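Here the structure is laid out as structure tokens; the discussion comes afterwards.
Labels for the chains are A, B and C, by order of writing; each one numbers its residues from 1.
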Amino acid sequence: MTDTTESEIEESLFEAPPMGEQERMVEAILFATAEPVTVKELNDRMPHGADAAEALVHLRKRYEGRGVNVVKVGDAWAIRTAPDLGFLMQKETVETRKLSRAAIETLAIIAYHQPVTRAEIEEIRGVSVSRGTVDQLLEMEWIRFGRRRMTPGRPVTFVVTQDFLDHFGLESARDLPGLKELRAAGLLENRPPPGTVPQLGEGDVDAEEETEEGQSELFED
Amino acid sequence: MTDTTESEIEESLFEAPPMGEQERMVEAILFATAEPVTVKELNDRMPHGADAAEALVHLRKRYEGRGVNVVKVGDAWAIRTAPDLGFLMQKETVETRKLSRAAIETLAIIAYHQPVTRAEIEEIRGVSVSRGTVDQLLEMEWIRFGRRRMTPGRPVTFVVTQDFLDHFGLESARDLPGLKELRAAGLLENRPPPGTVPQLGEGDVDAEEETEEGQSELFED
Amino acid sequence: MNDVTPETFDVSVADRLAAEALIVDVDGFEGPLDLLLSLSRTQKVDLRKVSVLQLAQQYLAFIEQAKALRIELAADYLVMAAWLAFLKSRLLLPPDPTEEGPSGEDLAAHLAFQLERLQAMRDVAAKLMARDQLGRDFFARGVTQQVERVRKVEYTATLLDLMQGYARIRTKDEFRPFVMDRDAVFTMEQALERMRGLIGFAGTWTDISTYMPDGWNIDPGRWRSATASTFAASLELAKEGKVELRQSDTFAPIELRRKEPRGD
């Protein structure tokens, strides 16, 4: 045990603990919680001068191929069991509420088109979105309200959350499956309907103009 | 990974996974389970032919000196934060509070009259001393038990500690201002608080006389 | 994104399914676009090559049949039917150069785009749901440890508290024949006298309210008087160079400590 040196260092206000120690600390903090922890939170909890971001790089490598892995969730980090070992965990499996087809589609549209208004979701699905569907997704904390659109009526937009990323094992919204292909195929563009296509939502010609911009903005973080 | 050779020994119909795999499995189970897990439970959950006990030995070694350790809890196993990192799990907020009047008075009596028994404190204060007050002072390590009185019942006595002296910047309890100084400082000049009925307690004149003598006697040790 | 799942049924099966769909009810579809998408499956694998004209005809036939069966149709379906009828006429008739607005081809292309987009969203939704999921395929920590907020209470007392406490006990039933003329007034002289005796013990910064005479805090009038005189006495002592005063902020407690005579 190397206690003395360690504690000596801890006492010094200006000297950060050695990287090996910082790695242990990040390890302990990530193991202690089920929620992803941001680098900022890590740094706040670690001794002065520690660099959690660097410690995370080492720790992530250390857990590669192990039974549990260090994963990135948005701008936070968590430890999760390796997906191939799920079969061992029947006991831990939590029954997730079965999502309706409408809810699943709505979720996918929000994820791929975010930030997206209700009217846009309705246009894509060709059917009005029931309040219950959105409420369910909000309640599960898989979606949340984004910024309002700067268009008449200032409609609210929806975006997906960190919980969503965590649930589906995504580092960021950019890693959504098939996103690139969809974009390349132009299917994420909000193409204004020529003339008089029956619209289910309220007229969004204005909203649509802005969407393009909104979207690129989105997947940037 | 040290797998194949070890597992080749198994000649069961279903070949056990390599030891490296078994270690991953144990790691994932211990990580995800809310309760410590016994070796039997591990074996029950792992594929046929697996040897959880051996995998545990490897896993335990792997976590030696890490931020979390594999520990035995009763006859079961769990992953726990390394003891030296417990401080990361706490956020300490210190709140300073003024000591209660009862505690201050009790403390003063002990300081001026030490070693003093509870009965004596009560006699001087004219009210009974609550257990909590004494416990609080003991816990703060401002008082401690002194020698027992060689009187019937052999009551315990209380004396002040070095911590007490340090806190009040005193070299010894003898440096406490005496009654005369208190009087000179006007501290004995106080009138009874208006509205309080003057108490006919036990004659204080005696008590006061006795004090002087008690004090000198007292600061022997 | 050309991997739209090919329908593997042969046409007759697809036809049968479409017929069944008719008999069931329109509620089985998530709106007219969904119905159109279902109908388009019987046509082509690639939604971009779907014949919108044919699709429109199928849709209109469906609506007619539903009407014949007296199935209650939502307004959405009828609006779509009207629009498709319009589109059909546009596609069939030669373009009228005097007419404004988008051409039938533009409208058809947009409908094809909408269908393709809806199908694409369904495909990615399926891909998303097929991913490993938290709590099903991979798991979070089972034993979590809350960050404890340790609230540590530190009790403090000053030497002055201690002595005042002791004095209080020793004097509480002492007979005091002293009578003040105006017992609601604590004079500055009294305060000064009191403080002179006490400041010898004020080696550290102490709130001047500590120096208030005991028992004066019950009656507000007496408290005001004592506060004023104690404050005035503190200033007087500071003027005499016996004590130092400080206050961190407006209305913050005023603190006092003995001034060490070492300077002179």
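A few comments on the model shown:
The rule we apply is simple: contacts are C-beta pairs under 8 Å (C-beta built on N, C-alpha and C of every residue); 3 or more make two chains touch, one makes a residue touch a chain.
No experiment lies behind these values; they were computed from the predicted model shown.
Taking each chain's centre as the mean of its C-alpha atoms, the one that lies farthest from the centre of subunit C is B.
Compare each chain's C-alpha centroid with the centroid of every protein C-alpha atom shown, and the nearest one belongs to C.
The centroid of the Cα atoms in subunit A and the matching centroid in subunit B are 43 Å apart.
Centres computed as Cα averages put subunit B at a distance of 38 Å from subunit C. Here the CA centre of subunit A is 16 Å from the CA centre of subunit C.
Residue positions of subunit A touching 2 or more other chains: 31-32, 45, 79, 81-82, 85, 89, 92.
Counting partner chains per residue, subunit C has residues 139-142, 145, 147 touching two or more of them. Put simply, subunit A touches subunit B in their complex at residues 3, 6, 23-29, 31-32, 45-46, 65-68, 79, 81-82, 85, 88-89, 91-92.
Chain contact summary for the complex, subunit B toward subunit C: residues 28, 31-35, 78-79, 81, 89-99, 101, 103-105, 107-109, 111-112, 124-126, 136, 140, 168-170, 176-177, 179, 182, 184-196, 198-201, 204, 207-208, 211.
Residues of subunit C touching subunit A in their complex: 1, 30-34, 36, 76, 79-80, 83, 101-102, 106-107, 110-111, 113-114, 116-118, 120-125, 127-129, 131-142, 144-145, 147. For subunit C in complex with subunit B, the touching residues are 139-143, 145-159, 161-176, 178, 183, 193-194, 196-198, 200-201, 203-204, 213-215, 218-219, 222.
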